[in-house]
Every structure is written in structure tokens, then in C-alpha cells.
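To keep things simple, chains are lettered A, B and C as they appear, and every chain counts its residues starting from 1.
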Amino acid sequence: MTATLATPRRAPAASAGARRRVVALVVAVVAVLLAVLLSLAFGSRPVTVDQVVEGITTWLRGETPTDIGAIAVQSRIPRTVVALLAGSALALSGALMQAITRNPLADPGILGVNTGAALAVVIGIAFFGLSSAAGYLVLALIGAFVTAFFVYFVGSVGPGGTTPIKLALAGAATTAALSSLVAAILLPRQAVMDEFRYWQVGNVGRADWGSLGVVLPVLVIGTIVALLCASALNALALGDDVAVGLGVHVGRIRVVAAVAGVGLCAAVTAIAGPIGFVGLMVPHAVRLVAGTDQRWLLPLSALGGAVLLTLADTIGRVIGSPGEVEAGIITAFLGAPVLIAIARRTRMKAL
Amino acid sequence: MAALLDSLPAVSDADVERVRAGRRRRSRRRTVALVVLSVLAVALFAAMLMLGNTIYPVSDVLAVLRGEDVSGASFAVGTLRLPRALTAVLAGAAFGVAGSTFQTMLRNPLASPDVIGITSGASAAAVLSIVVLKWSGTATMGLSLAVGILTALVIYLAARGGDSTGGRLILIGIGVGAMLDSVVAYLLLKAAVWDLAVATRWMTGSLNGSRMEDILPLAIAVVVLVPIVLFLARDLGALELGDSWATALGVRVDRTRVLLVVAAVALACVATATTGPIAFVAFLAGPIAARIVGPGSSVVLPAALTGACLVLAADLLGQFAFDTKFPVGVITGILGAPYLIYLLVRTSRRGGSA
Amino acid sequence: MSAQHEIRTEQLRSGYGARVVVDGVDLVVPSGRISVIVGANACGKSTLLKTIARLLPAQDGAVVLDGRRIDTIPTKELARTLGLLPQQPVAPEGIVVTDLVGRGRHPHQKLFRPWTTADDQAVTSAMAAAGVLDLADRAVDELSGGQRQRVWIAMALAQSTDVLLLDEPTTFLDVSHQIEVLDLLTDLNRTRGTTIVMVLHDINLAARYADHMVALRAGRVVADGPPHAVVTAELVREVFALDSLVVPDPVSGAPMVLPRGRHHVGIAPGGALDGVADPSSAAASLAPALSSALSPTSDVLERP
């Protein structure tokens, strides 16, 4: 009875919401294009619009331009692509983890995934003489997976499931333990240490086409799986019992979505190092604009993440000129205030 | 006084005696525990002075401490080992008192200054000052202290208002800490010369290269601030029951809290500026001390002793237990994290508030 | 017996920041009696109690104890007169009952002064009064909700104050523990003359245990006086927005509120009251009987 009464009143609201989401989608796509242009145009060497156009067109034709500015533009293409893909993967991963844990703070950085990946790589280099990029990536993936599941497990022990604080603390503790282990392994091995120092800060500029090629399958499959999970995740948002009542295989969907989420952020960590807070910030921002429907939230988060990381990388290059401030630093600085805002909005129990 | 007691119903002397006996039993345990901790700290301190490439007998060490010139021992013990051992004791005590004060005051074992990002702030400031700006020791101390207090203030202000400030404060602290840690990593990455010793110090904490002249600020901080905290220990015990109880018991809550926070933050920051953020000592000292002396009494002094013992023992382990010499923070980090996870799991299992 | 203290509020205004919760409250707390503050959720009951206990500063007006504004009395001195049991206190982990009760001695202790025999006596006596002497060496964590609440009351008693303020002391207790706690407070009041002011959620329990009731609505006092004068159907409608029947509690004789709800309008609860359609006239007809039973000096509330 209540439902029939409510329907006519809800209909216009729903269509207004849909309009808003379409607008958001259009804005997001435009923002992605804009971010790409900015990323190509700005850096330590300023270039003109013509040079940007020439750089892109020659690159599309597979030629090397003669103009120095156009060369600079072309050299920025790989990192721009990496930033787009990494940003979208991180945001998608964050959105997935937030959905399955029903926890606003689930983020690859907070879950300690980065340190797990780092430890695995360090072990590979130090004990197994690993040196191929593909080997690093595989190890980073394994380390990230193991750590994420461990932290999630510790953070969900006890009644009430995962709470934001439990999860954050489990992540902090694990990160501290793993970084101590990393230091313990590295200290007697100066050569490895030098290689590793770049693992401390996330940076999209380090990746190239080769390493991107290795993780691309993971990114593509992870993204597809994530988008396919969307409507089941909508049901999950209402609680496990309701989801079961709606015919969702709760356990299965959780595992599938979690594997996709961890895989996405592990792949990014493997090529770009630890980049925190993107997965935390973007889904929250999108939720404010487009609501909680996962079928919109996930794709919009992917686009938003691409914009955020591409811009963070561009900003880092501009303010760090002639060098650069790594994107991981920029996102950490943007992210902490967002975390504070989320913590203030969320009603929470003491633990 | 007598008038007040008149209003209470008379109780038999046997009952009073029974209650008193229970209290005495617990305070005796506390005294024994304090003595054991002190003896342990002295023994570890002595071991730090005696052990090394050359092992010196107690007589030589005592001779050096008396200021006599003993060939070989004077340099090894007097110049290398004594500053290291003193730094260990002072930093351990400072971290222990800072951590236990925060934990007691915020009524949460997870709210120690190293978990909620305050030592990260001090560490970031110290790296900036030493590695980038090349400032002197005193300026570094000042900057660390200022940034540490600023960090505490930011976290406090951001967490203020609404209900369950404690949980929110921890969460915000972890976020701010993550941000500041990335600053440390960045500054170290950008440093012209990548120096392993410097990097490990500011990321995990280390006693390597402790010098007598660097100890002074830390020694002053410990000598001045620890007594202040001890002086306020009873009020701290009332604050542990919550602001309402503390007010009802006649504690001036705001003033007491400001004093305690400033003292604890200053201790944590000065110690961090001296040794780097030695992982988990602040976090672990209080709960371990409470386990040793028994619940219900002030842990300020036991936590200071426990902190000192932890740093001394971890540094001995790091120096002599393995083929490679590990800095103290690596050892405390590896040992401390499982405890944090255990604490988390146990608190969650009970389903109660932390 | 406890010394007499006069507590008044004068045009008291209080709240949280810009949000004013209690405004224009003039109240006199009768000395040596049990006063209970009642009202709907968010009406300012707890805020009023907290302001009297100086946990919240008065934004305007004042709380006056024996002719002095409480914000001018040194807090430790005040703590020797005014005790408080806050809502849902949390005990430090692992603490033993005696040690927790001992913390109530804080306002009587001086720096570096060791624990005295007087402290031990006060603690023992407080535990005996609250009926927790047998639990003396148990950890507070292990106790049941009712036992724990009595331990907190013991701690407030160890403070040896003449006035005791309690913020919802029965919340989260089952009904037998609620009665246990309220009986204990009544014992204290009757045997020691302790002035008790508390906030209670349950208006029927409030009417049964109070000597003096204060009804609040939207931060203002709507009525105050003895229970039979305060608890009427009109007042219940005004304060709780609830249509009800007020009858004498067959156990204590205090007024008892029977809510009607939408589905039971006009159905009287028992044969004796059949045909009483108008609740106000019911209350009016009952008033003379009640007033004789509930005259301020009578001890109807005491247990047999």
C-alpha cells in the first residue's frame, strides 16, 4: 500500500536523478579529454597548441616529429595513458572494495596492498635474483593479493563485520610490519636498496609500454568483471540477508568482486608503485553527484579516477619543474583532507 | 572529613581490613613489578655498554663511567656505547610516557601518537630540516616540536564535534599519518645523496650514530616533562573514566588535558627528532606495562621503564642477533605489528568498545 | 545524616554551541529528597542535569549552590558536595571493583598524600551500601550490567557527597535491575538523607520513586511538584504528545500512565475503571485519594 502511494511521487525524482547522471557522464567524458590534453601540453617544457597537435598526429601516423616541442608532447603520451588506466583502475578498485565491505574507507592504500606488493618484489629481487619486469609484476600481484585478503580478514573478525576503524588499523599495522620486513631485507643489500627507493613513492612516469602490456589483461578483465558485478552489488548494499532474499549469491559475488578489485589495484601498484587515496576519494565524490546506484557509480568512478590521476601527474610535473613531484604525493595531499571529511560524515562506533 | 564519614553506614573492621588487604596486595605487586622493570632496564643498559666488537668486563665499564682512562674501552664505551645506551633509555621512556598518556586519556589503546600520525609529523619535519634545509640540531628539534604539535592540533580540530570523537580521531590520525609518511618518503627520494642510514632512521627509527651532544634536548625533555605527567597521574586516572566523571571528581578537565597533551606530544616529538620514529614503542609500552603492574593503577612510570627496556632490548637484538646489524625500529616494527593485530582481533572478538 | 544544601537554577539557559537546548529554567531542588526530571526524547532532561553538574557551562542565568554560583566554586571543593553518575560510563580495562570505587576518593586526596584508613573506610562503606562488597576483588569487566551499575553508584558514594546527580541510571538494565538500582537510591535517600536528582526515561518508575518531579518540554519546565500533582493525563499529552489514562499504581499508589494508542481508544484496563471515558476526570476523581497517600512526609515508597 505504501509503495503504490509512493510511486507517483518517486517517478519524477527518479527521472531527475537519471538526467543528473547522464549530465555527470557527459561531464566526466569531457573532463577525461581535457585532462589528456592538459597532461600532454604541460610539463617542464612549455609547448604551443600547434606542437601538441603535431605531436599527436605524428604519433598516430607512427612517425617521429622533428619539432622539439612535439617530441616532448610525444614523450608524454605513455605516461598519460598509464595515468588514465591506473587512475580508472584504482578508483574502480576502491568503489568495489567499498561496496563489498560496505565500508566507506576501503582503499587499496589503506588496506596495505602497496606494501604487500613491495615486500613481494623485494623478496623476489633479494632471494631469487629476479630482474625481469614481468617477474616484478607477477610478484607484486601476488603480494598485493595476499596482503589485501589478510588485512580484510583481520579487519572483519568479530561481530559487526568490518568497521572503518578496524580496517584502517589492520591496514596500518600490516603496513608497519611489512615495511619493517622490507627494510630488514634491504639493509644488507645496498644494490637492491637503490632499485627499491623508487618503490616508496607512486609515479606513473616510470611505466612504459612494455610493463603496461604485461598488466593490461588484468586491467581489462578486472574492469569488465567489476562492471558486470554492478547490479549484484546494488543488492549487497542492502545487507547480506536482503541480498540473499533478492536471489544474489552473496558469497560468490563477494569473492568475484574482491578478486577483481584487488587485481586492479595490484596491477597498478606493480607498474606505478604505491598511489594512495584515489580509490578512496573518487567513489565518494561520484556518490555525492550521481547517487549510490552501482551501475552508474562504477563507470563514473572509473572516469573520475582517470581524470584525477592524470591531473595529479600533470600538476606534479608543473609544480616540480624541472623535475617532478610524483603523483602519489599529490594524491596523498589531496586525499588526507577528503579522508577527514569522510570520517566526519560517517557515524561510527568507537571500534 | 569526619562529618562526611558520619554519613556513611558503619561497616565492620573485618570488612575494611579485607578491602585494605586486597588493595595492599595489588600495590605490592605493582612495587615488585616496578623493581623488576628497573633491574631489567639497568641490566640491559649494562649489556649495551659491555657488548660490542670487544666485550669489556664490568670493571672496565665502571672505570670508564668514573671518568678514568682505560685504553680502548674509553673510546668504545665512552664515545660509542654510552651515548647509544643513554639515547635508548631516554627515547624509550619518552615514547612510553607519551604513548601511555595518550592511550589513557583517550581511553583507547590504539590512540598512541605513533598510530595517529603525530610522530610522522615530527619525522617529516626532522627530515625536512636535516636532509633538505641542513639545519642544526636545535633548529631541528624546534621544527619537529612545532610540526608535531601542529599535527596534533590539526587532528584534534578535525575530529572535534559530534559523537564518538575517539574513533574519529584515530581514523583521521591514520589518514594524516599516511600523508606525512608519504612526505618523508618523498623528501628522502629527492635528497641529493641517497643515504641508507639517514633513510632508515627517518622511516623506522635508529640509534646508529648517537652522539653525546645530541642527547641534551631529549634529556631535558624527559627530566622536565615526565615529572609533570607523573604529577598529573591521579588526574589522568580520573580522565580515564571519561570527561563527565573527571569533572564530577573535581578535575579541571580542559586545563589538565592541555597540559598532558602538550607534555606527551613534546616527549614524542623530541624523541622522534633524536632517533626517528621508533616503530610501536609508544604504542606497546603502555599495554605491556599495564599487563606487568596489573590493571587499575597509573601506568606512567611503568610505561617509561617498559619503553626503555623495549628500546634497549630491541637494539641489542638488532645489533647482535643477526649477521647484519639492523636498526632498532626494524626490530620493534616486526615485533610490534603482530601485537597490534592481536589487540585488534581481541578487541573485535569481545565486540566491545576499545 | 547528610548536610542540607540548596540547589537552584535561575533563568538557566544551556546547550551545545549555538544550539540552545534548555532555556529560562527556574528550579529549586528540594534538599534531602529524590527529584526526578522527566520529558520526551531531546527535551533537554540530560542537558539540564549536566548543566547543574557543571559538565556544561550555563550560557545565561546560573546554577546556585548554597547561595554561590557553581562556576565560582573551585571544582575540587564542589566535587566534595556534588556527586554525579554520568550516562553509560566505561571502566578502564581489567580494573578491580575496589580500585574503581577508590577513584571516587579523588576529590578528598591531596598530592603525595598516601592512601589513608579513612579512605579505606569510605570505600568499604560505599561498597557495602551499594551491595557490592562481595564483588570487591572482582574485575569490573566480568560483572553483569546491574552489578556494574551498582559499582558505579558505589564509586559515586565513595565521593561522600551530600548531593548525588544521576543521568538515566537505569538505561540498558532489565526491569529487575532497574528496580534494584532505584531501591538502592531510595535507601540512600531515606537512611542518609542524600539529596538525589536524576533523569529517568520511564515516567511510571519516575512517579513511583520521586518525591518531586520536574517535567520538561522543549527545554522549558512545564510542571514541577509532587508526582500526583505533576503526572496527569493533560500533562502527559502536553509533554509526550500521548493520549493516556492515569490511574493509581496498585503497588505503590503513585500515579501510573496507561497509554491509549490508536487501537485501544475507549477500552478501559479493568472492571473497576469501566466507563471512565475522560482521563482528566478520572485523574481528578483519584486525586484526593492519591494526595493523602502521597503526602511528602509519608513513606509509601519504602519497601516493606
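Of note:
By our rule, a residue touches a chain if its C-beta (ideal position, glycine included) is under 8 Å from a C-beta of that chain, and two chains touch if they have at least 3 such contacts.
Protein names from UniProt, one per chain: A = Iron ABC transporter permease; B = Iron chelate uptake ABC transporter family permease subunit; C = ABC transporter ATP-binding protein.
This is a predicted model, so every value here is computed, not measured.
The most central chain, judged by C-alpha centres against the centre of all protein C-alpha atoms, is B. For chain A (Iron ABC transporter permease), the chain whose average C-alpha position is most distant is C.
For the pair chain A (Iron ABC transporter permease) and chain C, the distance between mean C-alpha positions equals 54 Å. One finds 43 Å separating the Cα centroids of chain B and chain C.
Taking each chain's centre as the mean of its C-alpha atoms, chain A (Iron ABC transporter permease) lies 36 Å from chain B. Counting partners per residue, chain B has 353 as the residues that reach two or more other chains. By the touch criterion stated above, chain A (Iron ABC transporter permease) contacts chain B in their complex at residues 105, 109-110, 154-155, 157-160, 164-166, 168-170, 172-174, 176-177, 179-181, 183-184, 187-188, 190, 193-194, 197-198, 200-201, 276-277, 323, 325-326, 328-329, 332-333, 335-336, 339-340, 343-344, 347-351. By the touch criterion stated above, chain B contacts chain A (Iron ABC transporter permease) in their complex at residues 108, 110, 115, 158-159, 161-164, 166-168, 170-172, 174-179, 182-183, 185-186, 188-190, 194, 196, 199-200, 203-204, 279-280, 323-324, 326-327, 329-334, 336-338, 340-341, 344-345, 347-351, 353-354. Touching chain B in their complex are the following residues of chain C: 1-3, 50, 53-55, 75-80, 82-84, 86-87, 89-96, 98-100, 102-104, 106-109, 111, 115, 117-118, 120-129, 133, 136-137, 139, 156-157, 159-160, 162, 191-194. Taken in their complex, chain B has these residues touching chain C: 1, 3-5, 7-11, 15-16, 18-20, 22-23, 26, 104, 107, 231, 234, 237-238, 240-245, 247-252, 290, 294-297, 353.
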